[in-house]
Amino acid sequence: MFRNQYDTDVTTWSPAGRLFQVEYAMEAVKQGSAAIGLRSKTHVILACVNKANSELSSHQKKIFKVDDHIGVAIAGLTADGRVLSRYMRTECINYAYSYESPLPVGRLVVQLADKAQVCTQRSWKRPYGVGLLVGGLDESGAHLYYNCPSGNYFEYQAFAIGSRSQAAKTYLERRFETFMDSSRESLLKDALFALRETLQGEKLTSSNCTVAVVGVGEAFHTLDKETIQALINEFEIAGEEAPAEVPDQAASDEPAAPEEGAAPAAEGAAPMDI
Amino acid sequence: MFRNQYDTDVTTWSPAGRLFQVEYAMEAVKQGSAAIGLRSKTHVILACVNKANSELSSHQKKIFKVDDHIGVAIAGLTADGRVLSRYMRTECINYAYSYESPLPVGRLVVQLADKAQVCTQRSWKRPYGVGLLVGGLDESGAHLYYNCPSGNYFEYQAFAIGSRSQAAKTYLERRFETFMDSSRESLLKDALFALRETLQGEKLTSSNCTVAVVGVGEAFHTLDKETIQALINEFEIAGEEAPAEVPDQAASDEPAAPEEGAAPAAEGAAPMDI
Amino acid sequence: MFRNQYDTDVTTWSPAGRLFQVEYAMEAVKQGSAAIGLRSKTHVILACVNKANSELSSHQKKIFKVDDHIGVAIAGLTADGRVLSRYMRTECINYAYSYESPLPVGRLVVQLADKAQVCTQRSWKRPYGVGLLVGGLDESGAHLYYNCPSGNYFEYQAFAIGSRSQAAKTYLERRFETFMDSSRESLLKDALFALRETLQGEKLTSSNCTVAVVGVGEAFHTLDKETIQALINEFEIAGEEAPAEVPDQAASDEPAAPEEGAAPAAEGAAPMDI
Amino acid sequence: MFRNQYDTDVTTWSPAGRLFQVEYAMEAVKQGSAAIGLRSKTHVILACVNKANSELSSHQKKIFKVDDHIGVAIAGLTADGRVLSRYMRTECINYAYSYESPLPVGRLVVQLADKAQVCTQRSWKRPYGVGLLVGGLDESGAHLYYNCPSGNYFEYQAFAIGSRSQAAKTYLERRFETFMDSSRESLLKDALFALRETLQGEKLTSSNCTVAVVGVGEAFHTLDKETIQALINEFEIAGEEAPAEVPDQAASDEPAAPEEGAAPAAEGAAPMDI
Amino acid sequence: MFRNQYDTDVTTWSPAGRLFQVEYAMEAVKQGSAAIGLRSKTHVILACVNKANSELSSHQKKIFKVDDHIGVAIAGLTADGRVLSRYMRTECINYAYSYESPLPVGRLVVQLADKAQVCTQRSWKRPYGVGLLVGGLDESGAHLYYNCPSGNYFEYQAFAIGSRSQAAKTYLERRFETFMDSSRESLLKDALFALRETLQGEKLTSSNCTVAVVGVGEAFHTLDKETIQALINEFEIAGEEAPAEVPDQAASDEPAAPEEGAAPAAEGAAPMDI
Amino acid sequence: MFRNQYDTDVTTWSPAGRLFQVEYAMEAVKQGSAAIGLRSKTHVILACVNKANSELSSHQKKIFKVDDHIGVAIAGLTADGRVLSRYMRTECINYAYSYESPLPVGRLVVQLADKAQVCTQRSWKRPYGVGLLVGGLDESGAHLYYNCPSGNYFEYQAFAIGSRSQAAKTYLERRFETFMDSSRESLLKDALFALRETLQGEKLTSSNCTVAVVGVGEAFHTLDKETIQALINEFEIAGEEAPAEVPDQAASDEPAAPEEGAAPAAEGAAPMDI
Amino acid sequence: MFRNQYDTDVTTWSPAGRLFQVEYAMEAVKQGSAAIGLRSKTHVILACVNKANSELSSHQKKIFKVDDHIGVAIAGLTADGRVLSRYMRTECINYAYSYESPLPVGRLVVQLADKAQVCTQRSWKRPYGVGLLVGGLDESGAHLYYNCPSGNYFEYQAFAIGSRSQAAKTYLERRFETFMDSSRESLLKDALFALRETLQGEKLTSSNCTVAVVGVGEAFHTLDKETIQALINEFEIAGEEAPAEVPDQAASDEPAAPEEGAAPAAEGAAPMDI
């Protein structure tokens, strides 16, 4: 194999103007179990697949409450994600203490991105190996952001990250036009359907997923297992494999996401944006 | 042999998004002598195999009291484990001094994990080479956590780490459904049976194991040799090789842990969770 | 391939007196989506191509307001650009606080360039991977600068950076002589025409571009989509492919930009100036 | 020879979870001249072989008084040992000043081990290259510890380190069961016999060994040459090659240390305990 | 090609006592566009070739005012030059504030050289990649210095640096004997003639050069385009290719600069002086 | 030649537990011109060979006064030796100031050794390349120590270091038993005889040696040339090649230093003691 | 060529106990233009060859005044020399301020040497690449020292460093015995004769040399050109090629410096003294 001399140090540019170490850190996001987020005008749903290390353990926590109005779902190195979500928690507390109002979601996301950027420019650190879907509600409405190891962030209507997230993204792309005015219930349904897409031959149950909600009049919280199972049952009772009429409707004014197979590199994590 | 250029520096990502140095540190846990933990609603048992360096020495201490309500069993580099357990001790003392109440177990575990995470992101340090089973009792009940060199932690009903821990895990997987409501005595029995599984052709005696208990009304303490020997004798008198009826009962609503041989990589330590 | 031993460390000079790492960072600018700037006596227009990562996301923000009188358009690493634009914001606030007048554009540009220069002379950092078009209005009139990863800056009448920026530069070179006395409307029109040049076979719509204006009596702001679409419609109604008479007029007292193909290295980013 | 890429940096883990630099530092202990320690309920004896660099010099000091109640014998890099023993001295003084009571032996040993552990986790230091036998008396009785370059420590009834220490360990293993209740005289006798084992064809005289004692009512001190020679003479007069009846007695309830040849790696220093 | 192991680190001496990294930085000066300086008893002229990156930009500024009595012309990395000229500015301000008199030119030049020297002796920095012609007037008269990346400086009657500077130096060598008593006008004429020598087949116009003057009763300032063009026109009217009689006169008491071709290494920048 | 990967960094252990960089530094001692020391109950003599760089220079100073009661003779890097001897001087002054009594020799020697040890454990320094013979007088009598680059020190009756020191050591080994009760004159004679042994075919004169004395009632001072020459003349007059009867006497109760040829590695500097 | 792994880092010892980087820095001294010094009881003369970079520049200054009673002549990296001579200046000022008397020459030389030594023991610096002849007058008379990059210094009656200094040294060796009682005039004559030896086929004129004097009643100053030329003329009038009778006289009680050709390594700079 050809030895690449530009890809072992985060402060070394390749001749083509790339930072390989940052790109490699973004690969770590793709290795994590899937997480999805979606939002309406009033609500944000975060959901993720639970992968327990063993029957003996509870699953690894991948969704964290940051404040009453903000939560985060992660894919990638859990330890990095935990450290970053605590940083977010601290920022929210400090802001609330200083200004007596909740920290706007977009502002927190920028601070988080800056913290990540620093790790892409110092020789004695490494980029964080985690992607974060940040959902929250503030005076400007419900928001969903994706924070990437590169120090970039993106605002999304809906997004999915982690392993096999492409299938979920395909589902979300077919449906997202209706999300803005979705009811909370409808949004939850879409979240569960999208999540199901990331499960390869596995059945969606309240045990292998976590779902959290934040919305108008509803502080960020994780749904309990019974509620999730009830939702799963309710929707499956309806027997709908996927709401088939929706893609058609969406396709009418939006080109269908074509040839997914042709862009495998984009799967699971946004490419390093330059 | 092919030279891997990404695996000598903890701040270097591999092209596939892995941190090899962190994974190698997790190997150190697998080399240590076995440690197990299990819990009921009211009690946590930590136990480990004693490996004396020589007849002349007492065995290496692998179970440490952190506070009256918390203890820890380690596998891997003992020196790293000792340093971390003292850190835990200090945190407990500081918390008790500030809040006049014991430090909740989960909170301590997060602080410990954060301390480990830092060592996975600085070029001038190395990841800790030790796994820690943290058992404790607080207002929310009895808890058992596993802290890993990667900076991750997991909550378990029961777990085993270190060399030959897979056999113990198999035993615990067959039995763990009953643990929640186990009596202290029954839990101790399961601990000793699980520990026996990690001894390759060696007989379990009060000399080659250490057992510690923390529970409701019972501060964390290590059992004395006589008590352990008495328990061993009592259970062996019963002649039970392993409580054979339990797996069946467990199997009724839980798929049996299948094909252990197919997942040798998972033996002894949880894989680096991403 | 021949291994270059002088191109992995930003503090290492090549035998020919080049700093390869700085040149590589300048390549990153060429990889970013295109951004253009142009100015009249009274106005500066910044415009860029929007490249959304997916249908689900809003596009990556590439134009930032720095102060009422200054804005910036970037090409290259967005995270680096964001960090630098916030630095500019802070400098403006501090200056305004100390002197009760807006920070002159040229002065800010020098501070920005100095910040970039530092990163080309320390072994533990890397050069920024972003080019910035800084547009602003101060007592000395409207200004447009280009700040480069090398720590250089250039004042321009009009400029384009990023991928496929050469086509836009060719357009601007044909037209720039008229810009100084252009009306705001005419300048906007040229901005949109230049931007269209960077779109390979794509149609210019209000969705795939962002346009911002700062001028006399007009604080820096991004135009809303309706305004942009209206402008696009208005100009395309006129059917003009490109205002063909202008190049001729320009050519009369200015040699036409010759043989673009002969200087491909200059495309997208200014070469490291020495 | 195959080049090992994991063994030049103390912060680099090998793929098998080993820290080679720490293991190599432990080799330095095996190269040092032998030191032994043994204890009864009331006394600890430290002894070592004197190796003078030349006739012209006094022998290198290998046994250091730490405090009235603690002393240390070293094998390995003398300079490292001296630095560490002075650290111990300072700790004893500080403790005595603060608490007006002698520093408990076990507590000092932990501090010493922690100091060694730090050197196994920083890229700009190296592990200490010295093993220390720490003997002392405190409220909990007489103690003998072995502190290893890895940052580990072990409590021993009796132990030997350094070159040819295996022969001494074999002697001690045969005898140690009687040590607990030994008289001071008997313990001294065993110390000298054990020490003799490490001398390859050399005769034990008061010139080639140093012996120190700490015990109830007896501050740590090194015996003078006359006393040692007198003891040697006295015991040799008795003509006993080795107290042959003891091993038998010991063997009755303890398996004899078998096949020393089968574990040559363990000779001289405890393996890096994990 | 033979790999030189001594030329990638500024703190590494070659076996022959050379610092290659410093020499390589001096190459950067040779790559820059030409700059020249010359002085009479009362005036210093600095002049340089303007190389615009594109028609759209103003040319890169290469001559900076430092104080009313000092200016600088640079060749090499512009960003480095800008940072250094601002340093000079600050020093002048501080001196004037403390001593209420202008900073003597020679003193400033030494401070500048010392700042450059530091960068030749620290492993984490790189030598500056810029040469500076410092011209100024103080109580001891008019001065012209050349400051080199090596931390050396030289006082000159006249000098030229940068690409194709050798031709200018040849011109200056023929003429310099007359400079001391030149009038301001005559000095300007020589400056323009010398500058013309560095233009390969290009015509000297007010657009491709910058000329600055400092002299008795004349603060440092750059001449405006009209003045320069007027001078060019005036002198070219005279039709003189080069004042041919002067070299002869000079040759009479000074050996002519022989065999320039024999010392190509000296072209553009003074060799590292040792 | 086989490339040793463990011998370029002072913080890297070799697999056999050696620190090669420390051993290499000890080689520097062997390269220095010879220095010897010897002591009686009341006096210490330090002497060394003078090697002038040229006729034009005074010889390099190799014997330094530290305090009235202490002096030092060095072999190896003179600059390192000078820095260390000034450190010793400072320590003596500080001690005298604080305690109003002279710093005991042994205490100073330990501080010196500790300073050297630090340089064997930090990656950004190098071990000192100098050996020091420290002679002094304090309340416990006359002392002679040898401080080695490894951070070790040894007390000697007499010792020689540097090039060709083995011959001097052989002489001293034959004679040292008589030194303790030697008169000052006799000691001086032995010093000169020993020194003569290190001169290969050169004649001992007052020009090629320096001799210093410290003793009861005699502050440390270097003898003047006349005194030395007088001594040389006086002893040579006696025609004694070497006091032949003494070795015999010494041999009677001490085995003669046998087979020097068999231990060439020990020549000139004590091996790194472990 | 064989790659030497010990010669790129100043903190790395070679197996033979050498510091190659220090030796390479000493090579830089040999590359510099020649400098000589000589002294009588009352005067010190420093002289050097002027090498102008070009006709256009004044020659590089190589002789610096440090204080009224001290001056320095350098060979090697001028920038390093300038920085060091300013350090000396500062030390003189501080001393004079504190003690109201001039800093003794020997004391300054030691401080200078210590500053150089530090650069031979830190991994992030490089040794200075300059040799300094320090001449001065204090209460103990006239002194001449040579300070070397290794951190060593030597006192000389007369010395020459730099390129072709060997010829000058040969001259000085023949003559130095008469210097002590030389008159100022006679010393100047010897200085000029010695300097002439370093000029290969070039004629000594007041233009290609600098001469400075410090002496009783005569502050350190550089002679003006007229004075020097007058001296040259005066002595050459006398036609004496070299005072031939002196070597003979010198040879009578001093062996002639034999076989210079046999020690070419010693030319120009003193070898690294160990």
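The first chain written gets the first letter, and so on, giving A, B, C, D, E, F and G; residue counts start at 1 in each chain.
Here, a contact is a pair of C-beta atoms (placed from the backbone, for glycine too) under 8 Å apart; a residue touches a chain by one contact, two chains touch by 3 or more.
Small disclaimer: the values here were computed from a predicted structure and weren't measured.
Asker: Roughly how big is the turn, in degrees to the nearest 5, that lines up chain C with chain E by CA atoms?
Answerer: For the C-alpha superposition of chain C onto chain E, the angle is 50 degrees.
Asker: Where the centres are mean C-alpha positions, what is the separation of chain B from chain E, in Å?
Answerer: 72
Asker: Just how far, in Å, is the C-alpha centre of chain G from the one of chain D?
Answerer: Here chain D and chain G have centroids separated by 57 Å.
Asker: Between chain E and chain G, what distance separates the C-alpha centroids? Give it in angstrom.
Answerer: Between these chains, centre-to-centre, one finds 32 Å.
Asker: Two-or-more-chain contact residues of chain F, please, as numbers and ranges.
Answerer: Within chain F, the residues that touch at least two other chains are 9-10, 123-124.
Asker: Reading around the ring from chain C and passing chain E first, what chain order results?
Answerer: Listed around the ring from chain C, going to chain E first: C, E, G, F, D, B, A.
Asker: Which residues of chain A touch chain C in the complex?
Answerer: On the chain A side, the touching residues are 2, 5-6, 9-19, 110, 113-114, 116-117, 120-124, 146, 150-152, 154-159, 169, 172-173, 176, 254, 257, 270-274.
Asker: Which part of chain F faces chain G closely enough to touch in the complex?
Answerer: Those residues of chain F that touch chain G are 1, 3, 7-10, 20-21, 24-32, 53-58, 60, 75-80, 82-83, 86, 119, 123-127, 129.
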